[in-house]
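Here it is, the structure, as structure tokens.
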Amino acid sequence: MNNKKNKNIALTGGAAAAEALRQINPDVMPVYPITPQTPIVEAFAKFVADGEAATVMIEVESEHSAMSAAVGAEAAGVRAVTASSSQGIMLMSEILPIASGMRLPILMLVSARAISAPINIHGDHQDAMAVRDLGWIQFFSESVQEVYDNTLIALKIGEKVKLPAMTIMDGFTTSHSVENLEILEDAAVKNFIGEYQPKNYLLNFEDPKTFGPVALPNSYFEFKRAQIEAMDGVIGELGGIFEEYEKISGRKYDLFEEYHLDDAEKAVVVAGATAGTAKVAIDELRAQGEKVGLLKIKLFRPFPYREIAEAFKNVKQIAVLDRTVSFGSVAPLYSEITNSLYKKQNTKYKIQSCIYGLGGKEIFKDDIKKVFRDVWGSNETKYIGLK
Amino acid sequence: MNNKKNKNIALTGGAAAAEALRQINPDVMPVYPITPQTPIVEAFAKFVADGEAATVMIEVESEHSAMSAAVGAEAAGVRAVTASSSQGIMLMSEILPIASGMRLPILMLVSARAISAPINIHGDHQDAMAVRDLGWIQFFSESVQEVYDNTLIALKIGEKVKLPAMTIMDGFTTSHSVENLEILEDAAVKNFIGEYQPKNYLLNFEDPKTFGPVALPNSYFEFKRAQIEAMDGVIGELGGIFEEYEKISGRKYDLFEEYHLDDAEKAVVVAGATAGTAKVAIDELRAQGEKVGLLKIKLFRPFPYREIAEAFKNVKQIAVLDRTVSFGSVAPLYSEITNSLYKKQNTKYKIQSCIYGLGGKEIFKDDIKKVFRDVWGSNETKYIGLK
Amino acid sequence: MNNKKNKNIALTGGAAAAEALRQINPDVMPVYPITPQTPIVEAFAKFVADGEAATVMIEVESEHSAMSAAVGAEAAGVRAVTASSSQGIMLMSEILPIASGMRLPILMLVSARAISAPINIHGDHQDAMAVRDLGWIQFFSESVQEVYDNTLIALKIGEKVKLPAMTIMDGFTTSHSVENLEILEDAAVKNFIGEYQPKNYLLNFEDPKTFGPVALPNSYFEFKRAQIEAMDGVIGELGGIFEEYEKISGRKYDLFEEYHLDDAEKAVVVAGATAGTAKVAIDELRAQGEKVGLLKIKLFRPFPYREIAEAFKNVKQIAVLDRTVSFGSVAPLYSEITNSLYKKQNTKYKIQSCIYGLGGKEIFKDDIKKVFRDVWGSNETKYIGLK
Amino acid sequence: MNNKKNKNIALTGGAAAAEALRQINPDVMPVYPITPQTPIVEAFAKFVADGEAATVMIEVESEHSAMSAAVGAEAAGVRAVTASSSQGIMLMSEILPIASGMRLPILMLVSARAISAPINIHGDHQDAMAVRDLGWIQFFSESVQEVYDNTLIALKIGEKVKLPAMTIMDGFTTSHSVENLEILEDAAVKNFIGEYQPKNYLLNFEDPKTFGPVALPNSYFEFKRAQIEAMDGVIGELGGIFEEYEKISGRKYDLFEEYHLDDAEKAVVVAGATAGTAKVAIDELRAQGEKVGLLKIKLFRPFPYREIAEAFKNVKQIAVLDRTVSFGSVAPLYSEITNSLYKKQNTKYKIQSCIYGLGGKEIFKDDIKKVFRDVWGSNETKYIGLK
């Protein structure tokens, strides 16, 4: 049941993430500023300055250093978080697989943005998608509420399986926009996430460990296999966490969200803020009697192939909307959907890849309606909103 | 016809790449040393020191700078090349999409290696795969001969479509191993690649251009669309280039190589040096009457989905061997094969994902034979060579 | 009169400096760790962690950044302090004259140490002397008490004349050694240093200013002339500050200290911790009837030429002890003494330059006695303690 | 006798330095561009590009790296040179004493310029003076001819005594101005400087050495003493080098230049390009019967105290013109002159300190005449050319 003491408030996505961080009260936050991640950091720095969080903020000189310092802090045995966007995440690329390979449950808040060239500071998912295979758990968030909720859930699952996790909000669209949300009581959050008790850490002088050693060909593969298993274990562990979270928040989450999907014949698949737009479009089309639905991605890494394959019960036509591009390849979310459905060869799906919203290009409910009306099963990728 | 003046010689993959670079005689090579890329750079630096190449080698202070300097040089209007591996490529990640987004045909020679953590300097394809979607053309090479040939072909296609290109050899396995190869005449190479004549470049004072400007939401998407088209155009352009290359080398190449695939019922798909091992395994199994074959990946970006889908004529069982891993996702080459075949829904394929050789773990012909014998159509990824 | 509420305590020089910093409660402290400055920073970081100082500590990635960040903070309008040693100070060299040229009263605590090559982490004055002409006020400290007192006085005079100031303690000898000292009441310190009220600063939106502009040949010299005047003004301003400090501490300071100098015929001149050793030697020689004395340097920049020239009333033989070396030149403190006395040409002084203690080489009271006995007026520099 | 094959040519100071470098043909030149050093590097880079010098130019990413790379190259056993100005030299400050402490005869060409703040790119001597005590031999040059000559002489003496040397030309005034000069034959230069034969170097596998080790208090001082002696030895060694240089060039040099000093009653002391202006002023005053003269500084480190003291035979009034400032201290050249004359207490000199030309402020012959007329023996520093 929802806790009566929870608080309703209107915040930007950035401020909601900062609120969650305040409640987590991480030990260390090395961070370097970049648009549109700044609302997160500004709001949280104020909490620290006001003594509402006891976090040591480390003002490093690049994102490469930010992630390196987070690795150092977690290896030392404390909770470390950071936040970034776009070029910042690209500059972290060398260190991201070091964090995951060392099994350090760093939490990173991503305010997703286009990457250069050309320079563009607006929102899309290129940055998060560019690092999708480097061993980090990834959650996409539709709304400010989900930004807040995912921040807490991501920390918990990351620490559970000993892997770093990132939560992704749409730059500007979510990070800078005010929405209503419900904030849990501080005590409830404290209880939900628990005290951080790393098993292995550098500053444990009674049980000393080394981190980041050389692994020759006779052991490296085995390390990676263990890491793959840890990642695959996320899906199983999340069930309990979602349940626990529902108890304190009243909000019931799953690996993904189905919106009128049960009896839908046509469905769109989308991640992030555009899911909200899709819901409005679907509501209006449903009012006209059309059997349309949505599968909203929440957990993107690990990708819940089997669960998603099962979700398309009556659906025959699927449009996958990617807010990113893989040059010379199919779009990444589209690719995951075809991989999900590939082995269900008894059913024939028409799947369409659509790319939209690069560099902050807006997408409107009418664009989504148009997708439901026109766009199915072509071999050619469609581009929504292109001039 | 093969030119009688061509020279037969035994070289390592690194030295063969350097030989191709000497013949290309690039204007600028900013480079930072990292194992196992060093054989390329050492051999080429000797050519420069001996006056056999007029290239300006820039000894930068990190790979981030190496790629940045290559971007600067190409934007200025000259041919720039570089070479790297592993952490070096990861550190370049921020700049790689800047090179492609600016449409700068930089050539990068990759001696592929595992990435940290844990630290491992041996060969696998994780580095090249981590950056596969950032807008670079990618060629994998099986042999020292193919390293040499791909270096020339990659430069030519990159400059043709105005996109950067990387050629990938297996670290140590190819970069440090001596094999026989045939080197073209210098004059033939010079003629094949032609003089570099950039259309737009900074130092063209008669037709001044700007590079790397801001693109707001009202134009960024259109830039990216043009970049996608350029990438997709590679496949069409390569036909002519392969033909032209055959004329001077006598070696006939295609987007990928089919080895006993025509009548094969079972096939493996593999990229890089392991293709050689697979061929030996296939030869031996064929001698026992088994209808087995190989599809060897050459062009990985852009991925030739349609052409590959057509290649599996009689094949019903496909094992895709990835020397990399996408944590929380299917392996990348496997994913491309399912995407290739997805729309051919009239045919049922059993496709199996296999991961092998991470961190330099060896794979032997008997491992490949075992794949042909045992491993088909499971939903579970198989790990070859894991203890 | 000494305030009864002042506290007697035993601390290292580093901890005493940190105690003074705690009472100053600076707004910002960008700092990078280096031996033997660490006792200062460790002690002060604990105060910050315990909430006893509200300072924002910025953990920069080099001393170049530490000084750059201090410049930025002071220019923004707040009190900034830092601390360093040896190579750290050398790496700051580019920024030190920017701090003074911008007239920013940054306070830097120096734990003086030898500079490379060869590497040596022990105490001498080479680092502080290497930057003596870059526009910073410099105070040398003999004892832990003086470290504490100079820290407060240096801050006050720096802010008065709008120039940066450094206080210098001998690395290890003072920084790591415990001595008794008296700490002022917090309130007394607060009152002594006052609230920081910069006249010009970036964040003053009502009276906007620019910092660090270009000054062409038609204005640069005038800027420097103003800076010279500000520096020369230090001597006049210090009188009042010393008086004020005496009232709250009971300790009477002057530009330098005379120890049995009045009737001395032979005198040594020395800066820093060795002054304590010299006093013991003088006490013992005086007990034997020898007219020996000490002039202890406190304020080194600006150098009080006139005042020091007047101090050598009856002295005819002066040995100047430098704990540094100017290669190809006379030692810096010796040079200042000859410059002080040059224009008093009616008196003939025998002045001897002695260099001692480089790289932490110890100096003992017997060495000083030997100076009084043997070493006067040679044109050759003497080296004390050399093997 | 002058060699008939020498070449008369008109060059800027930068180009003349580059011409000398071409003839030296150093093995390595790590360098980072900064105004007004660029004419040196541009001209020399052209020689390298055209194959007229076989030097490996290393394009480093800061002056800190340039000096570090020069240290590495010399330690390895080859001739290394570099060039810089202003902030570049300040940024090298950490490494300059490492070069001298390791006894590495690096040659640095300085095009002297003001230092920040405020920003000013014009000529004065602040940069060279800021590093005057760090163990480098320093030569000032009056003219383009002397730039050329000093470059060759500085290399030779540096290698002779195993110390780094810098030659200093006035930024813009000399570096960018064309003057006539005579260039020696290439063969004569080759013979004069000889082949570089380091005694100790890293790449000497037959006699392996370590460079830059730790020296504890029981050995550091002894290292420094040896370094002091090496520096002091410069003056003795230069006699033979000047003689040898006269034989090939016909130009007779000494530690400093006397211009009508023999019978002068009033003299100015000046370093660098202003010496030329002073000569014109002296010529005109001599024509009016005034007994005026010039002592032009050539070798500034080590400073030839005794030789200069002897030079002021009949002179009673000396004005020392410094194109730099030591805040809170006397100007450096003035200080050296008082130190030179201090022990000649039988003679009474009136010495006046004058500061001129900071930030590129011009000085004219009438300014010098005014010095001779008005400015003698005041305790106050005079500022020439100040508004």
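General observations
Per-chain residue numbering starts at 1, and chain names A, B, C and D are given in the order in which the chains are listed.
We take it that a contact is a pair of C-beta atoms (placed from the backbone, for glycine too) under 8 Å apart; a residue touches a chain by one contact, two chains touch by 3 or more.
Not measured: the values here are computed from a predicted model.
By the document's definition of touch, chain B and chain D have no common neighbour. Superposition angle, chain C onto chain D, using Cα atoms only: 180 degrees, a multiple of 5 between 0 and 180. Inter-chain spacing, taken between the CA centroids of chain A and chain B, is 31 Å.
One finds 54 Å separating the Cα centroids of chain A and chain C.
With centres set at the average Cα position, the gap from chain B to chain C is 61 Å. Pairwise chain contacts present here: A-B, A-C, B-D, C-D [touch as defined]. Per the touch definition, chain C reaches chain D in the complex via residues 64, 87, 90-91, 93-94, 97-98, 100-102, 114-120, 122, 129-130, 132-138, 211-225, 227-228, 231-232, 234, 301-303, 305, 325-330, 332, 335-336, 338-339, 341-343, 345, 348, 351, 357-362, 379, 383, 385-387. For chain C in complex with chain A, the touching residues are 51, 56, 58-61, 65.
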